[in-house]
Structure formats: structure tokens, C-alpha cells
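Heads up, the next two complexes both have chain A, just with different partners, chain B and then chain C.
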Partner chain A sequence: MKGDAITSRGGAISLRLAVAAILGCALLAIPQLVSPYQTLLLTYGLVMAIAALGFNLLLGYTGLLSFGHSAFFGTGAYTAALMAKYLGIHSMETFILAGLATAFLMSALFGVVCVRHTRIFFAILVMALSQVLWTLAYKFYGITNGTDGLNVPFPTLLGGSLTFRGAGAYQRFIVAYYYYVAVLFLLSAAVMWMITQSPFGKTLQSIRDNQTRAEFIGIRVRLCRWMAFLFSGTFTGLAGVLWLPLNRHVTPDVLYWPFSGEIVFLTVLGGFQSFSGPIVGALAFSYLKTYAVAWTEYWQFLLGAVLIFLVMALPTGIVGTLELLAARLKWPSFKPRI
Partner chain B sequence: MDVLVFQILNAVYYASVLFLIAAGLSLIYGVMGIVNMAHGSLFALGAFVTATITQYAAGHVPTLLLFLLLPLGAVAVGILGLAIEPLLLRRLYVRAAEEYPLLITFGLLLILEDAMRFVWGSNPISANLLVQYLGSVSIFGSLYPIYVLFVIAVAIVTGLALWLFVYRTKFGIILRATAQDMKMASGLGLDVRRVYMLAFAGGCFLVALAGAVVVPYQAAVLGMGMDALILAFVVVVIGGLGSLKGALVGALIVGGVRTVGIEFFPELELASLYIIAAAVLLVRPTGLFGTKS
Partner chain C sequence: MALLQTKNLTKHFGESRAVDGVDIVIDEGEFVSLIGSNGAGKTTLVNLISAYLEPDAGEIFFRHQNISQWSPIARIKVGIVRSFQLASLFDTFTVLDNVAQAVFSREGKSIRLGTAADRNAGVRGEARQVLEEFGLQTRADSIAGKLPHGERKLLDVAVAYALRPKLLFLDEPTSGVSTRDKNTIMDTIAAVVRAGKITTVAIEHDMDVVFKYSDRIIAMHQGRILADGSPDAIRGNEEVALNLLGTSATI
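So, the complex of A and B:
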């Protein structure tokens, strides 16, 4: 298997590019082929994929499990919602820039505290800090409307050149917004891919694999972890901003820690040991959750059972399991080296 | 004057409940190195089971006997713990990563929350009878429920019993030996599997006992476990994971800060707890009494 991969490395890369191109074309064609509802689901999936890509820079590449990424997702979402409410801004681009800035600041702040710890302490600490934001959103009723949440109208896209009012606004928005998110998703994935393949990405992996050795060869472990935290939180914040126009309503639930659990869940579902795992997991989770909710009132039960099954039987997730199958059947490997 | 005494008693009551929850969390972590995400849900489960037992038994048995039935909810959850450990957690010990038990117990949390919604629905269940039965005591001319004092007493007795058990019995020595070095303990011929199973069940029992004693005073509602889990995390982060003393001190700090916070800055009361926890971790990374990193 290993020998195969080395000798056919060039072939594997061009094959991978071909697959990526086919998937990219499919991504563009989808709204023309499926119902608006399916398009909406897919958009949700793509937004969560951006969040999961950010999350996995910490879990998969740096070896830090954060149980508090709802903080950054919620920061993005609330930044946009508060701007719409108090500043009367409706431009999506402004939302994105502001959301990126606040999520960046928030993750910089959280990171300083959290990266001093690893493993379980790290997980609990991020979780505890994320709940500070939750209580603020929950308790400052006068500003955030508390659990009633904030409603947001359709934003304008592309510097105000696309507005959505009047009859059929919803349908038009869904299709346009799908493309908007799809482009940003591809962009995010490309940037994340470059981060993971850069010397910095490799440094993170060396820290994950052996912190002591990484320190010995002169790597500033804590600084690198902090930077990973920063990128990770900012990506997830972007997802939060993009999520808001889909839901058009934000409550403190996106800051509450079970939502962080959801991000963890979908990453494990796809498989955190590969680059594509979180993307596959986010898309699969979007459908899994929607159909589970439609099928039974007790969908959480179902999700819990799926999670336990995954960890017990398929700890490498969907992508890892497919890899394994492919290896058994001697298919060429698509797995980008993590 | 009476207000001050009441507030202190409230803080101690609050600390008592948190101590039971956090002691369970710390027992499991101290011995097995597992942070149990479903801990809050087990707290809620203990509350629901106890409330149901009390409701069924009320009227059939003298009310005084109902107090003896209170621990039944905790015993039931303890037995559930005996089943959870070998079924879900045992297979993970061979894997090095600490993250997998976290994920498994998060899955368990999702399952338990919905199972409780299925069985008990979304209406609060109360066992208020016991609070009424004990009545009130007059402190500086104002009335204060005796039941709260009962809860504090239960926590003190349980804490003492736990301390004696861990530090003064043979099984306590075995427990601590296993916690310190599982492989060595196993090499010496100790039944490590059994120790793990009992430690997990013990942690479940403690947290469910907290739920059981709380339920006559504040009804069992869905979602009570989610908040309890976070607060327990704050307690063990301040006190140090895996330390009994830490659970006690952390619970007292959190109980005190919460009572002061509710009085003077209600909006920031919860936020201040998390900030204290973060501050403690900055100064002492393993918490006030933690030893493991």
C-alpha cells in the first residue's frame, strides 16, 4: 500500500485533481437539478463544512479537541445579527468582514488562555470560556433579546448588486446564496489546504505527534498552537456569519455548548484523520440531522447512538472507512497525507 | 441579619449539591482518567427517578419513610453505571487517546437526554411533599426550610463517608493504587476491571444522589443536567480534576460566588464563574488541588 502510493504519487495527484474538478462542477450544477429545499440543506452542509474545516485544524492537525467552538460560530452569527439590528447594515460582505474580525479577536483572546493546556483540560477550558459568551447573550436581554433571539432580513449580496425583496424573494435568495456560499466554501477549503500543507501545517502535525521532540528541535509549541487556534476560530466564525442568512434568526443556542458538540460530532462522523473528512461529515450530518428530525421526535437519541457506534466500530469516520475499503479492494488512494 | 444567614445557608446548600456532583466527576476522572460528559444527565436521571418513586410511594407509606426511599434513585443510576462501564467504556482503554471516552460519553448524554424526555415528558416533576413535611425553622424571626439543612447534612455525611472509604479502607487503597498506576496494580494481581467498574458506578451514584436530594426542593426538569455539567466542570477546574479536596473547595467557591452574584450582579453571575475558572487555570494550571496534568 505504502509502496504503491509512492510510485504512483504523480498519478494519484492528477487523479485527485480530476476528482476535485468533477466535484466542483457537480457543486455548480446542483441548484439546477434539485429542489430549493435540497439546495438549502446543501448550503447548510457547506456552511458547517467551513466550521468543521476550521475545527479540524485543531483536532486533526494539532491534536487539540475543542468543546467550545460554538463560541466562534456564535460570535460570527451575533456580530452580523447585531449589526443588522443596530446599524441597519444589510450588506453580506460587511457582515463577513466584521464577523471575521470579531471571531479573530475572540479566538486570539480565548487562545491565549486555552493553549496553555492540552487534552482534557483544553477541552473543558474552551468549553467553560465559550459559556461566558452564552450567558452574556442569554442574560443581556436588552441587547440580544435573550432566548427570543434576533431576526435578520435577507442581506444584500455582492456589494448591494443583488437584493431580495417582493414575490419569490425566498427562492431567488436560496439559489443565489447557494452559489455565494459554495464559492466561499471552495475558497476556504483552498486556504485551509494551503495552511495544512505549509511548513506551519507540518509543524502543527509534528507537535500533535510528539510535543517534546517538537520542543527539542526549537519549535515554539505554544505560539504555534495559538496560531492554529486563531485560524481555527476565525474559520468557524466565518461559518457563523454565513449561517445567519440561512436561518435568519439567531438565539443563544448557537453559543450553547451542545452546539460545539455538534461540530465535534460531524467532524468525527466524516473522520478527523483526513482533510476531506470534516467536509464529508458536515454534508452527511446536515442530511442525517434533517431526516432524523423529520423521522422522530427523539432524533438526539439516534444521533447519540450513531456517535457511539462510530467511536466503537468506525473511529476513522466515513472517509477513513472508505479509505480502508479502497485499500482492501486495491483502489488508488485519494487520501491526502495529513 | 437574617438575610445574611439565609444567604450563607443558600451558598452552603448550593455548594453541597455541587460537591456531590463534582466528587462523582472527580472520582471517575481520578481513577479512570475519563471526563464523563454524561455526568449532568445522570444527575437529572437521579432526580427524575427519585421524583417518580416519591410520587408513587406518597400516600402508601408514612412520609418519614420517603426519606429512606430518596437514595433509591441514586442506587438505580449506580447500577446503570455498572452496566455502562463494561458496555461502552471498557473497550476504549486500550486506545491511547483521551478524546474517545469524551465522545462516547457525549453520545451517551444525547441518548440519556432523549430517553428522559421520552419517559417523563417535558413537564417538571416535583417531590415537594418532603420539604413541606420538614417544615421551617425560625432564624432571627424569619422562616427557613429545614429541608435545605437536611441536604447540607446529607452532603457532609456523604463527603465524610467517601473520605473514610477512599483513605481508610482496603478497597480505598486498591482504588488509589489503581488510580496511580493501573498497569502496576494489575501486575500485582489486583482486579483492575472490577475497580474501574466500581469507581464508575460510585461516581454515578454520587451524582445521582445530588439529583435525588435536590428534587424535593427544586423540581426535576429537562435540561437540568446540561447546566449541572457545566457548573461541575467549573468546580473541578477551580479545585483540580481528580481531587476530593478540590471538589469541596471548588464547590464552596462556586456556591459562594453564585450567591453573591445573584444578589449583586445577576446578569454577570454565571459569566463571573467561568472567568474565575479561567483565572485559576492561568495561575495554577491543574487547579487548586490537582496533581495530574
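So, the complex of A and C:
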């Protein structure tokens, strides 16, 4: 029996490595195989995957549902946009460092207030605070251009060694930026994977399972929730910074609560009970939304219908459903469990 | 030597005097049973001592140090640990991970980021050792949420034990367990705590269990201490019999 278990575990690990290798090769090859537009869509998907992984540190691992993650995404995006407009900075690396710092500070501040609460109170409180930021971006027209938003030129990459001007700049930027985002996505996913597998990750899961018991084995529940909030918000802020050069325009919409809803949506779509679920959800959502918008003016209705179907028929999301199928077909498990 | 002492410990819930000016002393190394009918105030008393609830009045001393204002975590750090009436576990974790989580916490490693929790041989080895002491080693890889009731109760105590307590409170460790399993569970717990010289206070309703395992028995009634003495003294106490059994016959 033990030997069977080891063989099964070994098979699962081999399968995961094989899947990771295939996905890695596919990530490298994609810009050579598809149109710049498809590359752009995939880059959007990878950016949102970073946000979703960050978000899931709270939802899937800590058991806290936030309806205000637009605050951190928007903080990252606006930090870069304001730096470009007022400081004339165009270095992507500077944007990232500054965006990480502001998202970190914003998360630290929000976290202090919010992690005292759980369940609906937590969700509403984060949403309320995020709406304060939305109001600031909306009302401070002189600084943010209000609903007109801020335009951003192509940033330079890798310390100014890659610049994008003149003919064909768009195509060159899309391909280069795809690889840039892909590397940061892999790094972020690796860091978040390490967090979830660490004693701290286990502690978050213990708090999710049974807060009282966690407290009565000596865990500082509020501190751990705050730390989870901090990681979650900071990675979502990084996603916001990376999103900006794709859109090249930011409006208060990225701070508005429906955008928080999108982050929740794509995480649930992929499945919040696994590490890979949010990645799959973000990629699927990126295409789903794009094609829904192109197909019908009632795209929100369509996405709403998908969400209802998802909650009622596939509550474990795409990855959870695949896992169930794999179990029925007796394939080795490929879903890293939470 | 007194390990724990309460002075005039009081907790009211509206008109109800759950704990009403309780003075108790727990000596080092004792196995004390806390008995009384439902609503006598036993669990509330443990909740106050473990800082699950804040008292309305009174003081708690641990090794002559006033700990009345200490947080649950501060009390756990000095060795005051509890189990729960309804087995309180991390249900999605394996049995081994439940105990390992307590070991991580005790060693101050619960917020470490650098290493994988599953690869910490020291912590997992100690957790396996605890499971062996409680006879749960064959269940190490089972999911805690799927364990039978009796084993859940035992694991609840094992998790508390993994914190290496000086004073262990057990809140009805055999409630809802069959008579046969009660003896197995209590034999296991008694053997472990006596071997570890852990002072233990158990809330218990089963008088056979109480008289078999206790060095001393404290009887509570309506938030107050009704009697406090050896099993023989309690057995012959008419007031205890009257209030616990509703008859003047001694237990």
C-alpha cells in the first residue's frame, strides 16, 4: 500500500513537472505562433493571474473574501501613471518599485483596519475603503484628470535598454512586454507558491479552518491575517503596475468596486481551492471578457450568466472540476491542494 | 505547591451568575476533575482561566504571578493550555499536520516563510512522536475532518499536549463517546499526562471516569464551589449527591 502511495505521489509529481515544462515551452513560443493581438490578450491574462494569485492568498488560504482589491490594483496603476505624468519617469523598473511600495503601504493601512473583522464585515469594510480611493481619483480632477484618466507612453524596459519609438513600436513592445510580464508572472507565482507551502502558509490555512483553535495553540491570528493582507495587496498592486503599459490609459474604473468583483469572478472561475485555479481563471476570463464584449453589447449579462452557472454547477471552478474528472478517470492528481 | 489559584473569580451573563466568586487552588502534578450539572459554571471557569472569556471580577494567579490581564497567547506561553468540548481541529489538515501546527506554534515558527512546512523533519518527527503517545500514529495521514468522533476527541487533546503544557484543561474529553471508548481515551490521556507530570484539570460528567482517574475533585453548583476534596471525600458528600444526583444518597 505504501509503495503504491509513493508510486502514485511520484506519478503526480512527474505529471506536474511535465505539465509545467510543456506550459513553460508554450509560454516561450506563443509570440512566435500567434498574432500580436493574441499575445496582448495572453499578457493581460498573465497580469490578472498575478492579481488573482495575490487575491487568493486571502480567499483560498486565509478564508477572507475581499471586495476591495481594486484599491491595490488601482494604487499600482495610478502610482506608475502619476510618476509618468508628473515626474517624467518612463522606466518600468522604477514604476514597479514605486508601485510595490505604494501598494505595500496601502495594504498595510487597509489591513490594520480590516483584519479586525471577518466574513461580510471584512468584505464590506475593504470595499468601503477602496471606494474612498475611487472617490479621490474621481474627484481630484486637477491631479488625476478624473474620469478622463491619464495616458501613459510605452515605458522603457530593463533599465532603458529596450525603448519603443517609431515605426513598429507597438508590435515590438507587445512581444517584449509579453516576455517581461511572463518572467514576472513566473517569479510572482514561485514566491506565492513558497509562501503557501511555508509554515506561514500552513498557519493561514489553520486560521481559515478554525480561528479559535489557531488562537488557542498560540497563533497570533490578527498579525497573520494582516501579513496575508499585506502580501495579497502588494502582489495585486504589482499586477496594477504591469497592467498599465498594456492599457496605456488609466481611469478611476480600476479603483471602482465592479473591478474588485472581476478579481473575485476570475478567481472563482478558475477555482479558489487550488493554487493553480486563479491562474486558469484569469487566463480564461481575459479571453471570455474580450470575446463577450466583441460579441454582444450585453456582455455583462453573459458574464453574469456564466457566474450563476459556475456557482450552481461548478462550485470548485475549472481546476476543481478537472480534478474531479481526473479522480473519476483515476489519473494522477495534478492539482496542488490547498 | 500551588500552580494556579483563582480569587473571587466572577462572570455574569445578565442575571445568570455563571461563575460567582470562585476561589480554587490547583497544585502541581495533580489530576483534578471538575464536576457539576449542566450550567454549574465548569466550562465558564475554564474559559476564564484560559482567557477565552474576560472575568467581571476576581484574579487569576499562575505560579504566584497575576495573569488576570494576560492574553490567551501569553497564557499558552507560560503553559496554560486547553482542549475543547466539541473537538476543535483543523479539519482540512491531516492528523499529523494538526499536531505539527501546534509544534510550529510552540517553537515560534508559525510565521516562517523560507522553508516548506512539509519538509521540516524536526517538527514532523516530534508530531509523529506525539501521535504515537496517543495511539494515533496509524491515522497520521488521515484527514482530521473525516476521523471518527472518539479519535477526534483524542486528537484534540494531542494537539493541546503538543504545546507542552504545564497546566492542561480538558473540557469533557469523553463526551459523546461510547463507554468502551471512554476508558481507552481516558487511559491514554491519563498515561500521557502522568508520564509527562502535567497538571491536569478535566471537566467530566461520567462519575466512573471521575473517580477512576482523579487525585482530587472539585464540585460546582450554580457558579459556586460546592465541594473540594479527595474522591473518597466527594463520594461521601451528601450535598454533592443531592445537587448532582437529586438524591441524598451518597455517590
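Annotations
Convention: the second predicted complex is superposed on the first by the 331 of 338 C-alpha atoms of A that agree within 3 Å, B and C clash if a C-alpha of one lies under 4 Å from a C-alpha of the other, contacts with A are read in each partner's own complex, and residues count from 1 in each chain.
Just so it is clear, contacts are C-beta pairs under 8 Å (C-beta built on N, C-alpha and C of every residue); 3 or more make two chains touch, one makes a residue touch a chain.
None of these values were measured; they are calculated from a predicted model.
Annotation for the three-chain superposition on chain A: chain B and chain C fit side by side.
Across the overlaid pair of complexes, the angle with its corner at the CA centre of chain A and arms to chain B and chain C is 80°, in steps of 10. After overlaying the two complexes on the shared chain, residue contacts for A:Y298 are found with chain B alone; chain C is out of touch. Applying the stated contact rule after C-alpha superposition, one finds that A:V319 touches neither chain B nor chain C.
In the superposition on chain A, A:M227 contacts chain C only, with no contact to chain B.
Touched residues of chain A, counted separately for chain B and chain C, are more numerous for B.
Contacts of A:D209 after superposition: chain C is touched, whereas chain B is not reached.
In the superposed model, A:I308 makes contact with chain B only, not with chain C. Of the two partner chains placed around the shared chain by superposition, chain C is the only one that A:M194 touches, whereas chain B remains out of contact. The superposed three-chain arrangement places the nearest Cα atoms of chain B and chain C 14 Å from each other.
Comparing the two interfaces of chain A, the one with chain B and the one with chain C have no residue in common. Those residues of chain A that touch chain C in the shared complex are 194-195, 197-203, 205-206, 209-210, 212-220, 223-224, 227, 338. The touching residues of chain A, when paired with chain B in their complex, are 59, 65, 67, 113, 116-117, 119-121, 123-125, 127-129, 131-132, 135-136, 139-140, 256-258, 261, 264-265, 268, 298-301, 303-308, 311-312, 315. The part of chain B that touches chain A in the complex is made up of residues 29, 35, 88, 91-92, 95, 98-100, 102-104, 106-115, 117-118, 226, 230, 233-234, 236-237, 241, 266-268, 270-271, 274-275, 277-278, 281-282, 285-286, 293.
Partner chain A is touched in their complex by these residues of chain C: 50, 52, 72-73, 76-77, 81-82, 84, 88-93, 97, 100-102, 104-106, 109-118, 120, 159-160, 163.
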